[in-house]
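The following pair of complexes shares a single chain, subunit A, combined with subunit B in the former and subunit C in the latter.
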Partner chain A sequence: MRKLLLVCALFLAAALAPLPAAAALSVDVTQGNAQPLPIAIPDMISADPAQATMGANIASVVRADLTRSGLFRSIDPKAFVERITNINVAPTFQSWRAINAQGLVAGQVTLQPDGRLRVDFRLWDVYGESQMLGQQFFTQPENWRRVAHLVSDAIYERVTGEKGYFDTRIVFVSESGPATKRVKRLAVMDEDGANPIFLTRGDYMVLTPRFNPTAQMIAYMSYIATKPHIYLFDLETGRQEELGNFPNMTFSPRFSPDGNRVALVLENGGNSDVYVMDLRSRAVMRLTTDPAIDSAPSFSPDGRQITFESDRGGSKQIYVMNADGSNQRRISFGAGENGTPVWSPRGDLIAFTKQLGSHFTIGVMRPDGSGERMLTNAYHDEGPTWAPNGRVLMFTREASNNRGSQIWSIDVTGRNEQRVMTPGDASDPAWSPLIQ
Partner chain B sequence: MSQSRSQSSTRRLLPQRPSRPTTERGSGAGIALSLLLHAALIGATYFTWSRMLDTTPESHAVPVDLITVTDQTNVQAMAPPPPPTPPKEETPQQPVEPPPPQLMDVEPAPEPPMPDIKIKPEPKKVVDTPKPPDQPPPKKQANQDFAALLNKLTAPPKTPPNAKVGPRTVQGIGAANAMTADLADALKSQIYQCWSPPVGAPNANDLVVDFDVAMNPDGSIARATSDAVSSGNSYTRAAAEAARRAIFQCQPYRLPQDRYSQWREINPLRFDPRQMMNQ
Partner chain C sequence: MTKFSSTLKFAALSAALLLGACTHKQEAVNTAPPPAAPPPPAAAPVQAGILPGSAQDFKVNVGDTVHFALNQYNIEENDKGTLSKQAAWLTRYPSVRLTVEGHADERGTREYNLALGARRANAVKEFLVAQGVAAGRLETVSYGKERPICTESGEDCWSQNRRGVSVITGGAAS
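And now, the complex of A and B:
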């Protein structure tokens, strides 16, 4: 018996011995391999076969949205091993890991007795074996595309930590006809290019459309009268009105973040200056007074500052001032001429167009002018506009031999440059905020 | 209960006993004791080994902890909870999760009725031009990836910035510092391929996350925890989840078996994308 005890004691000692020797190793991983997240998005299931197509359609829009962002890679559904039959049961994670999926979206569409469409989905972390998100939406069946975009936005936000931008629209100038007699019409479409609609008939030229913060109003410049003026287009009613009653040319409108003011440029005897108009009182305040050309104002997201371009220093450069016109200072000191500054909705960057010789490219810099970074490198890119999350930019790209213009997009990291599909040639895009 | 357990353990020992009668019949008590001690040692080694191996299934349960937390809060968002999540001990500590019923009513959508407006979708054209004509970016991206690879090949030795030095000197035991540097590099060179850093956030400092990791002798992950996974900062949480995916995806890690004691615990395993963001 004593020997038995001794053996037990020895066992115990042997078992405990290695523990105190261990010390934690510390490791600092500073390099990674930026890759899109592989995500599996099977067609959404439905108890009713009549809804099966709807489930497939929604899933395919979600797949396209996430893939287009460049941050996800949708795995080909043909590779799927497991078939989702019940979204309320955890999937077999092993079979999704087998196809290298890191995320899995299991969804279901149901037609409610009241005729509405119900869409439920769950986002699973395949390696963490946990649910990351579960939501449901109700809508009229004809709005299925919007629901798909909302699902994409939810997934994007959950995985990246920042808001999505798929449930948004783009207003742009649609171009057609020969170069000598170009027809320019105002048009809007969904962020993915679906549902394009022309807002004007092309009887007169339109330029520089901009959304207001509710995405219901568009300010743009048009040659309806003899001189170009700024007009407002109400998307709800289709009504247009001239903004203010100025004898001279007005252009380059941009809404303040609260939507109550519009910054614009008023030309007077060859001198253009930045003004701001209060939309309720229609009172106008002049912000710049120097004899140079000041143009392209854009508010900071807090509405307290305005960035604009000016050639007061001899060449076109980017300036920042307080929203009341005080404290005007130049921020761009890089090579070439810099213009069309647009403040990011996130506040951290200002996007702009740089002209070097006959070359136009899109870049970003911090609001103090530091950290200038060029994102594109083509022959002629200009007029950047930000996605509402401040992560992606769209801009106009013109081909070198006058072959027309297209809209392109690029991630703020300089990756994922791609064309935005439009019906025909297009220019001057402006990204809407997230639809309310 | 305890009685029966001790009985069974005694019984389990019995098979090892056949040697015992022989030793007792041998030359004397000294030899007997010596043999007994040897047997005990071998037994002890076997016991520790099997115990180490045993940790695998046990420790696999730990990640389930993480599952429970997220799961639980999310499950409220929907009808029935997914069954395979038995433990639901940890309830609090997730204040920022989406509010229980994530019901979002998508109204008939304010699709603006556009009066006297020509609706001319020309969808054909859209279909006609599905592929962007020329794609310079892939080259650029390839360059970047290649640059990242080069950086990675050259960088690791100089990587530890100021933050790193502290913990290491504190935790190291004498010469162990220099001795474990190669282990750290070996681990980094494996995990980097799986880590897709969440670049593009406004504040890069939000993205630095520390994990406390326990490894199994076979190089698989026994446990990987980080407070950042439940951070209220959505960027930090996303960064922590990306790091966690990397940790699990790249296992098992190839590290020298004989130095398991040096890498069985890694703390902190820090993911710091700041250098990459400013490239």
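And now, the complex of A and C:
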């Protein structure tokens, strides 16, 4: 158990500062080749053969979740020596050590008399020969994927000490058609790309959707009317409403961490400034008054500050201000131009898009502008969004010559870059908080 | 001068295409003299087959697009002629309303380019208003970088995409 925990503690340390002690476990994080933790996740067993497929499906999603995180390596089930027959007795640790598994997840699915699905699982430390975790979930059978994600989150949290992010959703813009007449539809999907749902039909363009903190509401920009404006989409009721009643364009919405306010940009006479609207009173407060472009606001997790982009200094750069608009100051002084700042839910970093000529990449910096670090290197990466635990980012990756865009993810360490599968082209991802 | 003649050529071609579209079987008709049209109320350069005061008239004989430098929104010297013609045409046809679209190239974030497009559309609107067009006839809309007309990643296309387009939305002859 100690061993398993220790390895993962080192992964976390890697994200903060490289530690020389890493050599003791032969995980040299400074070389960028940290080894994922080998974990065995057999198909969940069931006393009822009818539930065997369900058990296999759940295990399959857990394997995919943990592998995708980059912190785990799921051992091929074909290599397993021992077959789990009873999750309530300790496994033969020796037979799991034989295949180099450090962790073992044993699970069982049961259909309850009331029709609900019961999922039990245990996480074993193979070398410490002890149980690290044992939990059970009850749900309707159709929610089996969510249960799988909850199991993944529990394992991730137990092993890393950090909250997981698998039971989350992504709101994004689904794209199709030629670049000159691109069709852009509002869509949501699970974090792993499953269950995509289109929320608009594509007869008008939508951009920059963002979740509220309960993941029930989406703020997005729509060209449904003559003037493009921000709208709210209620996922529970399907109801859409224009946010406020502005004569001019409103865009770039972002909820406050408490969900009670929306920071947005209002254009007036060609000049764009950052405003904040209280959702209950609908009162609007102007935060920037500079004649330059001020755009892309994002709250700090305590709601007290807002980061945004502005070209008031002659080039596009990142600024920070208090949530009442006071104390506006530039924080980005690195090469090129910098925009779309997004505050990490942990508060420790701001992710952003750096523009060097026609080259766009994703980076992070501390809120005081220090410690700038670039994470990606492609033709055009833009618009980062944070996983709720502040350890992973998603962003839009566009090919040159308008050959389409996809959603990708990368760890804040700069490792584990992966494409997020979407139905067709996609852009503007926004990560939900953990579903309550 | 070369620019003017190429504009004329383009206009003639558009007229020919229009005629062609209406009369599929008469491919040779292009060389025939156009039917006599009643003299226009003012001395505007009117192309054959285009109804004066129509959206087509505006697009072909006046010009609906101006271009901008990277990250800039000031009206370029060589575009002031086009906008002055737009203003004169709008003065001649006072019932026409239009929306100025502001566009940016791909070298900016989505959120920045929406703001930049708004600046460009507004710069065109302000120029027209300064030339006497009532502000109430002019709307603006920004498309940011979302509606390129040229899709290659290079200055050739980018310069075409950084544009302000005056689109007639009502009140034109048809």
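Everything that follows uses one rule, which is that the second predicted complex is superposed on the first by the 403 of 436 C-alpha atoms of A that agree within 3 Å, B and C clash if a C-alpha of one lies under 4 Å from a C-alpha of the other, contacts with A are read in each partner's own complex, and residues count from 1 in each chain.
Operating definition for what follows: contacts are C-beta pairs under 8 Å (C-beta built on N, C-alpha and C of every residue); 3 or more make two chains touch, one makes a residue touch a chain.
Quick caveat, the model's predicted, so the values are computed rather than measured.
Undergrad: Pick one for A:240: touches subunit B only (first), subunit C only (second), both, or neither.
TA: The answer is neither, since A:240 touches no partner chain.
Undergrad: Pick one for A:182: touches subunit B only (first), subunit C only (second), both, or neither.
TA: second
Undergrad: Determine, under the contact definition given at the top, whether A:127 touches first (subunit B), second (subunit C), both, or neither.
TA: Once the two structures are laid over each other on A, A:127 reaches subunit B alone.
Undergrad: Figure out whether A:353 sits in contact with subunit B (first) or subunit C (second), or with both, or with neither.
TA: After superposing on A, A:353 lies in contact with subunit C but is clear of subunit B.
Undergrad: With the two structures laid over each other on chain A, which partner does A:57 touch: subunit B (first), subunit C (second), both, or neither?
TA: After superposing on A, A:57 lies clear of both subunit B and subunit C.
Undergrad: Tell me which partner A:67 touches in the superposition: subunit B (first), subunit C (second), both or neither.
TA: Neither subunit B nor subunit C is touched by A:67.
Undergrad: Under the stated contact criterion, what part of subunit A meets subunit C in this complex?
TA: Contact set of subunit A toward subunit C: 178-182, 184, 205, 207-208, 221, 226-228, 249, 251-252, 265, 267, 269-272, 293-296, 309, 311, 316, 339-340, 353, 355, 357-358, 360, 379-380, 382-383, 398, 400-402, 428.
Undergrad: Any idea which subunit C residues touch subunit A in the complex?
TA: Residues 71, 73, 99, 106-112, 114-116, 118-119, 121-123, 126, 139-142, 144, 146-149, 151-153 of subunit C touch subunit A in their complex.
Undergrad: Under the stated contact criterion, what part of subunit B meets subunit A in this complex?
TA: Per the stated touch rule, the residues are 10, 13, 36-37, 40-41, 43-45, 47-48, 51, 63-64, 66-67, 70-71, 74-75, 77-80, 82-85, 98, 102-123, 125-126, 129-130, 132-133, 135-137, 140-141, 144-145, 148, 151-152, 155-156, 159-161, 163-164, 167-168, 171-173, 176, 180, 183-184, 187-188, 191-203, 233-239, 241, 243-246, 248-249, 261-276.
Undergrad: Would you pull the subunit A residues touching subunit B in the complex into a rising list?
TA: 3-4, 6-7, 10-11, 13-15, 17-18, 21-37, 88-90, 102, 120, 122, 125, 127-140, 143, 146-147, 150, 157-162, 193, 195-201, 216, 235-238, 346-348, 377-378, 390-391, 408, 410-419, 421-424, 435-436
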